[in-house]
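What follows is a pair of complexes built around chain A, which joins chain B in one and chain C in the other.
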Partner chain A sequence: MSKPPVKVFNPGRLLRNRELGLSLVLLALVGLIGLRNPAFASINNLQFILGDTAIMIVLALGMMCVLLVGSIDISISAVMALSAMTAGIVMKNNLSQAEAQALAEGAVSAAAVKVSTPLPLLLLLAAGVGAGCGLVNGLLISYGRVLPIVATLGSQYIIYGLSHLVSGGQAVYRKDMSEDFIQFTRGSFLGFNSKVWIMLAAFLVLLVFITYTRHGRRLYAVGSNAEAARLSGINVRAVTLSAHVIMGILAGLAGMLYASHDNKITQDMAMGYEMYVIAACVIGGVSVTGGSGKILGVALGALTIGVINNGLTMLRLTGNSEFWKKAIQGAVILVAIITNVYIQRGHERRVLRERRL
Partner chain B sequence: MQEMGAHPAGDGLVLEITGVTKIFPGIRALDDVRFDLRRGEIHALIGENGAGKSTFIKVLTGVHQPDSGTILLNGQPVRMTDPLVARRLGIAAIYQHLAAYPHLSVAENIFMGNEQLSGPLQFINWPGTRRRAAALLKSLGSGIDPAAKMGELSVAQQQIVEIAKALSQDASVLIMDEPTAALSQTESEELYAIVRGLKEKGTSVILISHRFEDVYSLADRVTVLRDGRYIGTWDIQEADSALLVNHMVGRSIDQFFPQKTAPIGKELLRVDKLGRTGFFSEVSFSLRAGEILGLTGLVGAGRTEVVEAICGVTRPDSGSITLEGKEVRFTRPGEALGRGLALLPEDRQKQGLLLPWSIEDNVSLPTLEACKKHRLLSRPLISRLGSKAIEQLAIKARSGLDTAESLSGGNQQKVVLGKLLSSRARVMVMDEPTKGVDVGSKAAIYQIMCDLAAQGFGILMVSSEMPEVMAMCDRAVIMRQGRVSAILDRADFTPEGILRASMPVERKEAAGA
Partner chain C sequence: MASVTGKIPAFLRRREWLLAALVLLVFFWFNAREPDNYTFFKLLNQTRVYMVDVGFMALGMLLVLILGDIDISVAATAALSATVMGVAYRGGQGLPFWLSILLMLLTGAACGLANGLLVIRFKELFPMIITLSTQTLYRGIAYIILKDQSAGGFPAWYAKDLGYGSLPLLGLDVPIMLLILLLIFPFYYLWLHRTAAGRRLFAAGTNITASRYSGLHTDRIKLTAFLLNGLFAAIGGFFLTSRTGSVKYTIGTGFEMQAIAVAVLGGASTSGGRGSVPGLLLALLLLTALKNGLMLLYNDAFILNLSVGLLLILVVLIPNLFSALADRRRVLRQRLQLAK
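Entry: the complex of A and B
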């Protein structure tokens, strides 16, 4: 046992590099769809896809944290709606005051630029609401010992209910939004949409958190072997709780991006979005039983879904039928996941065969 | 037996534990246990399954809080309120299975919970982590790559990583739980050398082991626990194995194991060249009516995998199974049961019982067909089955309506046995039937097995406990690394012979993998 391990070149290792494999799949998809419709592979469209997928990536980063500790959160679209709605209502209320004030002062140009609560404050508010939802989910799961899927299934409906309560049954429209907020997702820098930059910032923060901080590594430890983590003095419950809070904050932020992008906040905004996000994580190689997953993989997984979604529209395979589009999306996601499972199984079988009896 | 008073307190004693009691619902896991550990001593703690060794360790490492008792560390009373406290005090434990993070790297496994940080933001210093990990491993004479994935190492290598982890925390007391359970002879000897090295540096070691070989080659003293009680402590020179076994079992072996007199009849089960890729291959043996056939070997030798393949839990890739003269191939355990082959699984709580269900519901589960009246299940028939099992197996319960989880380990195992009996199977496959069962229930289970054999059942018993195999079995099939290494008749049973056949043979190619 004390002999030094022999390092041999192992082609299986390379094949098992999921990020590489996924990048190839992604390139192949872009190439294939591009062959059918060259407009798809245009720089413009690819930038558009990236911008479109940015929100999904932000959410997938949070979902990865939750999945790493062996939990799951299916309430995220409700959290997005509640966070955006809360911030939206505040914005709407303060907006009318700002306008009235401007008119009273007799300023001519004031009516043209709508002002309201500063955007950073709104973002903070949304993130706070999201964090609150994550905290409740996390408490239910880690201290209440409720099964994650059940806890977040239940909280999802409660959060949608709260969203309805906050909205008073009304949606927030473009006319209720400050100019800052409307422009939030419309700016661009170096050719990339501001959503892409925000996503990149979140990506980098999470990357550092998960690779270089104690707490980040403990997410892996808890998911890899909770009992061992407990025995080595890691507070498993607190770590699980924190993963849900991170998810909540990112969902709050993503809700604001989504609302600004859509120019509209409804109480059931983004309904069903959680499935894309979970699928992105799974395609990206995050284990749903916890303990393993890479942040780059998650981003690639989300991009794969983004490319599929956009590609299906560009190919016009399904006419205008949302129904068929969804069905094909689902099928493609399943195929991607099943392929992954088979690759994994094939690897395990190879390992078994290599064992000498 | 030596008394505690023989050592003046504080004089070279690192740990002194007195009167420790830990009660779990329904059991006194530890009852007034004492234990002491000298500086630079290796003190073995032995006892049968369920004797309270693991609970004792968990109390020492702060995982469980004792209900009463005192722990003195270097003469000072300490309270281990959680594992972190124990670690800060320099007590580290190497658990048998559960301590590793298979998804993470070796370096990270070593420093998890004790991360190497640097910079104003206290980020993890990865190069430093890997360097320190490599240095620690090197100090143990090992060249394991710190960047390797823990889950891809051999058990022996993982064991070394765990020791490195304990060293990284400057542990003065090291607790090792069954460190050699899955190691080959050479690997064990290498581990012994490492542990002796630690001892020379002044580390005190508590060694828990089933293998007397470990105890005799390492320990200075040995303490025996039985049924959660302290039995005694001996210097290793004065403790011969017969004495230890007697104290572990609580009576002399001949009184403990029933006399088996069942006549051996015709062949019931025949396994021929059975194989399952990656788990076992070319396994052949036969089982006759009235016979108790042992299937033994080290942990990981493939015993459980073999019986699972026989009983249809998994499917073999090659070979054949013949049951009462007919070749069979089961795709699920229910099918095997229907043909007269019943399995008592290794983990009774997860695989053998529905814990929240009542005794009678558990017992009747395999034979619900027989409990029907007018095509519907009949409560009275189910109850009758339950009462019959309680009476026949002397299950300690108020009625058949008691839930399985309310019973002690031994009685739970009897309920699983009740399931097998109600099924009218002819061949019983029992995987570690006395694991985690108290001594009284053990004797009862042995008696039941002998009675069953006398009634013409064939019993295939998987067991890791040497005394059990030697006393109960007519023949023993010994497995090593997925293959049958020997089949011994009762007359040829010797502990050395069984151990020799169990020990893995070294392979040059396997060394680095």
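Entry: the complex of A and C
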């Protein structure tokens, strides 16, 4: 302790960085799949994967906030469906008016004027609905003392039910969508899909929020020891609530991305998606008991799942690649999670050895 | 808590009374609205659809929940076990049916055992995460075995008598599968609540470290609970298949959430140490009465799920709010006494 540590470049120390380890695994995965099918490692396909994973990353960022405070949210796919459906119905109703008006004014074809409620308003609406769902979840968990799994399991049922009620039993198809909504996830800027830019924006905002703001650090404090956090003057309930609201807002936005990407909004949209998002967080090193996890890790975890999903299709193990993808996805995710545990255990052992414990 | 609810004897404060009252309320409410279609006899008939397969899965889930763990993969386990049975029997051209059933039970137990081993081997991953991935894995295996096909052609006693048969009992036509489920309950109750083996489960769920230090083999207990859960899931799949008559790999999708809902409604907590067999039975009855009534009135699966979710949250939330209120009153009273 007497000698100040001398800073020398130590490759071993660099390798101990968890995020770097994960990115090496990711690179190895890309390389291996690329060896088998060179088309996989092409710039085009990698960009495609990034765009495909953007929605999962947006959701995983929110899920990370919720997991950090020691909570969990399994209702996010339902929130995505409800917020996209609400915005979709508004869009559909306003769209038909616009068409009728244009026809009355003597437009040659109605398709030329597929305009509806402005996109920013729709996004705001979806985010608002998402925030409302997050608020209810958060209230149930923080003030109602309902366990997170039970609360969000129940609200998942309820929110899907609401989405059904809002939809009136019908889906919103491409013909019901305004042109700017359809193009929302199709445009590209500097070679990257607009989904990627939205994801990057969300990533940067949350990075600053979680790493540099007082409230962001409180998420870690509450998750690592709620009682200590309470005694040091943090309003634990309000922090938990805010994490759920953030998750809700991001789920609402992700729902819009998902809907625009799919060109279709159904009442049971994205069912089961929450499982991938939680898996992405766990691979990215977020602890399910709360208090630890890094935002870069979460993005890498989601990318790993994205690469696996896309890779399983590209590998063409047999004639029917979709078949294999469906069949071995679970095994691959399990292997990824368990590998992660071994890396973590090795890391902890090394830390203990350094402290001579 | 004692100050407000203290006037009521302890055994009357149990969750079971609330559930029993709700069962009666739901039954008579729907009975008043649909006097012809919603009768006790018709409800009894519908227990095949709403009660039996979920009931078996919930019995297994209860064990895992008491330990403070959770198993998302039960429905997938049921699907895989039923798939194995269907493929082994191959409509009468494969193995004998009893051997196929045995294989099915073994598959269920093996799935449960695999979950249990992963859970005790990788303690830093949570049972939820592990069973989340094994869920996809088990369904994936069922998909590899069956692809998009379905397997059927089961013997008549299974697909007809067990699936739709009834026994005349006390002037009622009681579905055979319901009878089997109900027969299990008393034994299950005695085992879980009145034997040392059952109490150990509660001990391990309440405080796993304390239990280990007082000499319980907590890992073995966990393994047993997950194994039994897999077995019960297979039995649930068995009855589900007898009702549908054939197996597909998608069979029973979403049943894991229903099983969890039933167990939690019946008084189990996902943080462990709590759970009750009578409560589970009442919760099962409540959901059956509610689902059947809602199906008659609205014929809409989404409305049905919405009300199940609402019920689940309310039954957990309301006692919590009462105890929070009681806590606040107690604090106020103590402050008053201190001020004096």
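One rule holds in what follows: the second predicted complex is superposed on the first by the 314 of 357 C-alpha atoms of A that agree within 3 Å, B and C clash if a C-alpha of one lies under 4 Å from a C-alpha of the other, contacts with A are read in each partner's own complex, and residues count from 1 in each chain.
The working rule: contacts are C-beta pairs under 8 Å (C-beta built on N, C-alpha and C of every residue); 3 or more make two chains touch, one makes a residue touch a chain.
The shown structure was predicted, so the numbers you read here are calculated from the model rather than taken from an experiment.
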Using the superposition on chain A described above, determine whether A:Ala331 touches chain B (first), chain C (second), both, or neither.
second
Name the contact category of A:Gln170: first (chain B only), second (chain C only), both, or neither.
neither
In the superposed arrangement, which partner chain does A:Ala228 touch: chain B (first), chain C (second), both, or neither?
first
Just to be sure I read the superposition right, which of the two partners does A:Tyr160 touch: chain B = first, chain C = second, or both, or neither?
second
After the superposition on A, what does A:Gln267 contact: first (chain B), second (chain C), both or neither?
second
For chain A, what residues appear in both contact lists, the one with chain B and the one with chain C?
287
In the complex, go through chain C and note every residue touching chain A.
70, 122, 124-126, 128-130, 132-141, 143-144, 147, 257, 260-261, 264, 269-271, 300, 302-303, 305-310, 312-313, 316-317, 320-321, 324
Where on chain A is chain B touching in the complex?
1-7, 208, 211-214, 217-218, 220-221, 223-225, 227-234, 287, 291-292, 349, 351-353, 355-357
List of chain A residues in touch with chain C within their complex:
72, 140, 144-147, 149-151, 153-158, 160-162, 164-165, 267, 275, 278-279, 282, 287-289, 323, 326-331, 333-334, 337-338, 341, 344
Per the contact definition, I'd like the list of chain B residues that touch chain A in the complex.
61, 63, 82-84, 87, 93, 95, 98-104, 108, 112-113, 115, 117, 122-124, 126, 140-145, 148, 154, 156-157, 159-160, 183, 187, 190-191, 275, 277-281, 302, 481-483, 507, 509-513
